[in-house]
Amino acid sequence: MNRDRVRALLHAVRQGELDPDEALESLARLPFVDVPDARVDTHRALRHGLPEVVYAPGKTVEQIAAVVRALRDAGQDALVTRVEPGLAAELCRAIEDADYDARARLLWTGPEPVPVVGKGTIAVVCAGTADVPVAAEAALVARRFGNRVEALFDVGVAGLHRLLASSEVLRSARVLVVVAGMEGALPSVVGGLVDKPVIAVPTSVGYGASFGGVAALLGMLTSCASNVSVVNIDNGFGAAYVATLINRL
Amino acid sequence: MNRDRVRALLHAVRQGELDPDEALESLARLPFVDVPDARVDTHRALRHGLPEVVYAPGKTVEQIAAVVRALRDAGQDALVTRVEPGLAAELCRAIEDADYDARARLLWTGPEPVPVVGKGTIAVVCAGTADVPVAAEAALVARRFGNRVEALFDVGVAGLHRLLASSEVLRSARVLVVVAGMEGALPSVVGGLVDKPVIAVPTSVGYGASFGGVAALLGMLTSCASNVSVVNIDNGFGAAYVATLINRL
Amino acid sequence: MNRDRVRALLHAVRQGELDPDEALESLARLPFVDVPDARVDTHRALRHGLPEVVYAPGKTVEQIAAVVRALRDAGQDALVTRVEPGLAAELCRAIEDADYDARARLLWTGPEPVPVVGKGTIAVVCAGTADVPVAAEAALVARRFGNRVEALFDVGVAGLHRLLASSEVLRSARVLVVVAGMEGALPSVVGGLVDKPVIAVPTSVGYGASFGGVAALLGMLTSCASNVSVVNIDNGFGAAYVATLINRL
Amino acid sequence: MNRDRVRALLHAVRQGELDPDEALESLARLPFVDVPDARVDTHRALRHGLPEVVYAPGKTVEQIAAVVRALRDAGQDALVTRVEPGLAAELCRAIEDADYDARARLLWTGPEPVPVVGKGTIAVVCAGTADVPVAAEAALVARRFGNRVEALFDVGVAGLHRLLASSEVLRSARVLVVVAGMEGALPSVVGGLVDKPVIAVPTSVGYGASFGGVAALLGMLTSCASNVSVVNIDNGFGAAYVATLINRL
Amino acid sequence: MNRDRVRALLHAVRQGELDPDEALESLARLPFVDVPDARVDTHRALRHGLPEVVYAPGKTVEQIAAVVRALRDAGQDALVTRVEPGLAAELCRAIEDADYDARARLLWTGPEPVPVVGKGTIAVVCAGTADVPVAAEAALVARRFGNRVEALFDVGVAGLHRLLASSEVLRSARVLVVVAGMEGALPSVVGGLVDKPVIAVPTSVGYGASFGGVAALLGMLTSCASNVSVVNIDNGFGAAYVATLINRL
Amino acid sequence: MNRDRVRALLHAVRQGELDPDEALESLARLPFVDVPDARVDTHRALRHGLPEVVYAPGKTVEQIAAVVRALRDAGQDALVTRVEPGLAAELCRAIEDADYDARARLLWTGPEPVPVVGKGTIAVVCAGTADVPVAAEAALVARRFGNRVEALFDVGVAGLHRLLASSEVLRSARVLVVVAGMEGALPSVVGGLVDKPVIAVPTSVGYGASFGGVAALLGMLTSCASNVSVVNIDNGFGAAYVATLINRL
Amino acid sequence: MNRDRVRALLHAVRQGELDPDEALESLARLPFVDVPDARVDTHRALRHGLPEVVYAPGKTVEQIAAVVRALRDAGQDALVTRVEPGLAAELCRAIEDADYDARARLLWTGPEPVPVVGKGTIAVVCAGTADVPVAAEAALVARRFGNRVEALFDVGVAGLHRLLASSEVLRSARVLVVVAGMEGALPSVVGGLVDKPVIAVPTSVGYGASFGGVAALLGMLTSCASNVSVVNIDNGFGAAYVATLINRL
Amino acid sequence: MNRDRVRALLHAVRQGELDPDEALESLARLPFVDVPDARVDTHRALRHGLPEVVYAPGKTVEQIAAVVRALRDAGQDALVTRVEPGLAAELCRAIEDADYDARARLLWTGPEPVPVVGKGTIAVVCAGTADVPVAAEAALVARRFGNRVEALFDVGVAGLHRLLASSEVLRSARVLVVVAGMEGALPSVVGGLVDKPVIAVPTSVGYGASFGGVAALLGMLTSCASNVSVVNIDNGFGAAYVATLINRL
């Protein structure tokens, strides 16, 4: 995978410093550790400069703890998303030194605070109070990933003055994460006010024809603002991840 | 159906002025005229004070012309919607004195101009140039139904300043028809700026995840502005009809 | 936003009564109050003449109570929708003088009774007994918003005589809210009997191919009665809101 | 399959009148004729007492003609459905003595008129003029299958008086076929007026949220009238077939 | 509604036996009784010859009991569908002499056994063991409505020999109710084996791509057997109702 | 059904060894046993060489136990799928000698270990830890059906090196079962690496736009790798069944 | 990718026969040829033993011809699918020695006949005449891929005797491709009759609730026959490809 | 909107240099020009540093030409997307100096070449030849917006070696646009190979279960690679727009 390392290997073989079969083994030995039911990617931190992330739903306490410990044994931090309070309590017993934020449903290991490496500010904007958990996830993930974050909550489009009153925050951001349920119109309006990339996050907030976030998702995908791209419904984590990569450019 | 008329009939029967069987016939004889494949409702003009409307798609020239003539024979006007230019040419040959507007795809018989009976102004607002045919249908139907109409086109939410520059028009309307395709966010924003009823019309304008107007429809149904109600995709006629009834109150 | 107020501000600046930077601040200072996770719109009562409304699901007791108290501190009433009995009990402990109606799942602060300001009567019609919670929400919201309300329940289209027996109620209304689940045919039939605007509310009542209200929603959107517009599934509140604005015209 | 025939075969084998291998062949030799790309079921007329029916779309002129001829060679009539005029012209050239009805898009061979064998009358009711092709298919198929048919067209639910004026027709039918597009509410209303089985046929008539007949289909499946069962969108033929079987009981 | 009764009324008015206003009242006074939240249709038994049916979900014990008692006061039987065991226990306390069948989730008042008035046998056929509750509902409703019923369970199409072994039962029925979840293919196969009307009932049995019964529903609607009509997902009651009306012809 | 057996029967009849009516009975007596609510197919083991399988959801403990016992009485093994731990405990009490695997949610009777009759190895590959239950079901069913199985878990496409490191396992398999949720891309990638049949199993793992496995299902159906066929969402059992039949060829 | 070749390369480097940088180049130089807009995979024939296949829709004559010529220059055959007659005529002009079958919409280069390498027979079964194009594609692809093929057309489940009469064909196949539109029930029935793998192909044949093949697709995915796996709608080619791989095992 | 400009205005008013009413006018006079049916945003070039873009479908030649001319009169460039060849010919007649690229369906005015202002390279990667039009749109838009672009076409995931052979191109990009139809798996694989933001574009390429791009869209939204965000189906333009903004950071 890594061209330089392959070249070094091949030169070592050429100079008789490395046996061809060992080289073959080495080419195949890849940067992961097998724990039961999982192959933990211990090199992602090196590749992306970010801690490994575990999505909790559908995994047992044991499976999650095994991954987090495998990462710690490799000298790395972990971030676990969508951790409900009950699971969090169990995980905190199983993993020493884990921190937890209930509003953002995040659990993590690693230093506090995280050094800021992002070049600018990520604005996390959300439409309604019920969207706050997703927006909080995005904001906290972005902070754990080394970004300055400005949060602007409950500024839905049906009361534009609330949003316009904070347009300074919007315009000073280097990249924006915009979270909205219901009709999901906020990214279109925010996208029209700024000239920076907007990562839109539909939420499953709503009822009836919101169809669990589908209305917001479709609205964001068909946004008439061209600077909007979209992540999955309720995926505050993914939006923060993309925003982080952009903010490091 | 008409209580007073039933009472009158019954009194006539009581006084021997009317035979019971004739009365029975009379109760059953209802205000429509049968033409081939259609029962033309000649009394709707009386009941609703509006011309009878024919939706053209799926009907032959002969079927439409028969209905329009039956109405004229009953002394009434007609309005035919969704008339494509080819059909319009044929209908204009078949129906004397018909008028046609290609942009709004409307064909009608009746006086020009129509006397204004609506109490205030209906604002017809639309998001993009491609939504204009639907908005034009709404505006022209509203005019044919006796309303003053203000049209405000191409004021989508991704360039809010274009909309806000005309906020006077929005606020002076008694009822608003707001037409938008794509993400359909315009009714939410307009709804937040006014305190009048907003009739939202999703259009089939868009591609991909707009799914022929579904994205806009869902967005409008889940609008966070509470003064918004919705009609079918591309139903500019229906929005104008509802707005007309409201404007006559 | 308010043209007159902007003009007054500018004149004050002109005459040296107001410092430009203060004016700027004033232009930006908008009518809301920040509480944790929410921006409470304290001026909506002034703008729309209606109490601020809070949609409860997805919000904590603390978040709701904070908003209601912020409104009371601004001298305003509040209406909280979709309040299940358990939440209601908690809210009633947290908010003094709150009232609650379990059938309509509404909680509110403010005077009892509300003075009537609507010009006519709003008829709230519903198809089946299982639709009653949504219809009751619509009827009570309409009453809290200052309207006379006539309720007509369990008059579904498969037993037309039950509906026709009350056609007097339908015809004397100035605007109608029609609530139905299953196939959602009631607004089409009612719409054909009256010449007033009909706000249709699909409900999630039904099973199988009702798909949580989708069948009723689609039926209402494609209604062959032109005086029908539609709000979201189970949105009794929204229908009452729209009907209230119409009834004040 | 046929128990009596199997018994007869077995007795013939017992008495040495039939060779076991011939019997085996006979058990396997079933009542169809192979033509290219089709296995024509020549015994359905015997089993169901109805002509074999060919659904034209997706078949070539040659394929259809081969089936019709194979049936004629077996002394049977044929009915071809969904035959557009162009195809009809070609088929009429290929099949002598074929008859065609353009409105119902039906082509057939066989006697004219068909003797009536149905016990009562089948009422075919349809909501709008654009639904007429489907209703005409149902009515003509029912006639070709030996039923008396009463047709009642353009009696949609938004103008109930048109329907109620013909309630005599509805009540005198032994079984009813009710055809409607848009919101598909007509079967619910008709179902409430009669105590006979109602076969509902959704049509693809409509636009936007009618989704090619889905709105009508869902409305009919969730009908609050219990005497309604449903066939596929635009399946006038199928409704007539079911109604015919019922009318022969 | 009732032509004869209207004629009688009118003659009474003619002969001075009835005051016109009383006649008017009489025309409007329709056969239902108002209980809280419901209009009980006390004349359906007369019109359809069947007990009134209450669909339990979404109704309270009090609402159901009030309807059943109103019916009893009018001398009529009641049948309550989809009654889960907990609700059944409460209803049995509230309604004396009610009977309950847990497998079919039915509760009823009335004589046991019901006199047979259906002319032939209704076969109720079901594909898998998990479909049994819906099939049991259909079978018991059909019995309560005065039909002879033959039940044939667990005869899915992937083991055709189980079905073919009982083909005698299928062929001796006058009308068939066929219940299936998953791919819903059983009605097509049964429909091909008989020449009687088949009422198909899709069930929500299945997982994944069965989408809660949608796969079965679509399969039944597109059945290549022409004698199949369809009711809503899990609607065993509706199928029995339709089959009953057919079996009385 | 079985041609040889029919021939033998017929010859026996010919030679007077068998009475025709007994032969008829024999032709009709098919290989199943009726237990309450089920027709147990006791000959499937003979026909397919595989134990009979019971899908647990929607069946009661009594129904499942009756089927398993009927199979045992016929000298056959049984395999029960989707058995949650609570149900498993009840079944283990009702059925002696049953074994249970909680991760795979399988319960079975029969020998341990099963003799290997499959010709090669079945590779069971899965994308993420949350997909493990479905993959474990596939792997254990394949083992119970007499196959050698290689399991390769947590090798999703976003970390290709984890998959490529085990490409030897992929290439040495005779048939592959590939299990993935979310975007379901793994079968396309695996399919491109091998020249053997790949059975793809979408899982319901995911959230938002995964729509309970629909995203993965559609992705697998539209795979650009031509050696991929697909089974239902979460259907690990079905994939193992198909793979077993292939591995016996 | 190829472990042996990598080992050989490394040994060559060790023995000084190959320069490390050349080896690196060699590792990266992969078996494809770039033509405009395409990367032609010239080694697939070697890897899978099958000709390269081009899916025609969305490609220009020039793009297709360039790929076919690049393959021929590499000494390989090509198969082009979904070639409509007009395109076929143009391609036959551009590619010398190409053959075309209009019913199967296939165009190919290579020897005629193809040597048989498949071990058994592939049965291609289809439900209706309108499904024939998809079934013909499957049958011809299977023949071009070196299989013996038995075709059995027009044997839909509503006339079971047509299918059962050919059960010998079904049972003698080593693998079956079953093609059906409408409700797609045929694979379930066939799957129950055989103990071999069944590849099910839904077709877009049908109307209304068949939704372009969705009904058949869902029916096949939820088949109660466990030996069924499914490919995309109308994907006769893919089914033949999978069947070929199985038939070579 | 522009705080500095508002401050300047207010100071001018303070110093008597500007009349309050003129200031008010100025605050309302926003940067657009009205042409028939459109409000052209002449300041977007200033705000975003990018030419104004017109989406052609649904607009007439006259409407498009009017917008392009209004922009030119304001000294600005224009880019028109989704221009089919016929429309392009008409537009080139109506607009002098317009350029057109048929493969990318783009028409534009402005300098050639465009000066490069993007900081790095944008890689445009696409899965299959049929996806080329969308990828070409993305690549050309990115070039017109001042970026260096590397294009890598026909590297779908079922032949990974084609993609891996170009991994150098992927890793040297600052931001990537990845275009794929069918199952849309390419962004997941590419996303796993790079540590830069990936903009995924689903295309409508495919058939059957690709549902016009829905399969690819869902696959991309649920991608297991966290650095992926998504734009609308076929929206090559939007992806290039977002990538451009990122590449300018």
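In this document, chain identifiers A, B, C, D, E, F, G and H correspond to the written order of the chains, with residue numbering beginning at 1 in each.
One rule holds for everything that comes next: a residue touches a chain if its C-beta (ideal position, glycine included) is under 8 Å from a C-beta of that chain, and two chains touch if they have at least 3 such contacts.
Source: prediction; values computed, not measured.
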Any chain that touches chain G and chain D | E, F
Between the pairs E-F and D-E, the one where more C-beta pairs touch = D-E
Same vs different contact residues, chain G with chain H, by half of numbers used | different
CA centre of chain C versus CA centre of chain D: separation in Å?
-> 49
Cα centroid separation, chain E vs chain H, in Å, comes to 58
Residues of chain F whose C-beta touches two or more other chains = 1, 3, 159, 208-210, 217, 221-222, 226, 232-233
Which two-chain combinations qualify as touching?
-> A-B, A-C, A-F, A-G, A-H, B-C, B-D, B-E, B-H, C-D, C-E, C-H, D-E, D-F, D-G, E-F, E-G, F-G, F-H, G-H
Name, in rising order, each residue of chain B that touches chain C in their complex.
-> 1, 3, 47-49, 53, 119-120, 167-168, 174-175, 195-197, 199, 217, 221-222, 226-233, 237-239, 241-242, 245-246, 249
Please give the residue numbers of chain C that touch chain A in the complex, ascending.
-> 1, 28-32, 37-39, 41, 44, 55, 57-59, 63, 202, 204, 212-213, 217, 232-235
What residues of chain D sit close enough to touch chain B in their complex?
-> 129-130, 132, 153-155, 159, 161-162, 164-165, 205, 207-210
If you look only at chain C, which of its residues touch chain H in the complex?
-> 3, 6-7, 10-11, 13-14, 16, 20-21, 23-24, 27
Inside the complex, what are the residues of chain F that reach chain H?
-> 127-128, 156-160, 182-185, 188-189, 191-193, 206, 208-211, 214-226
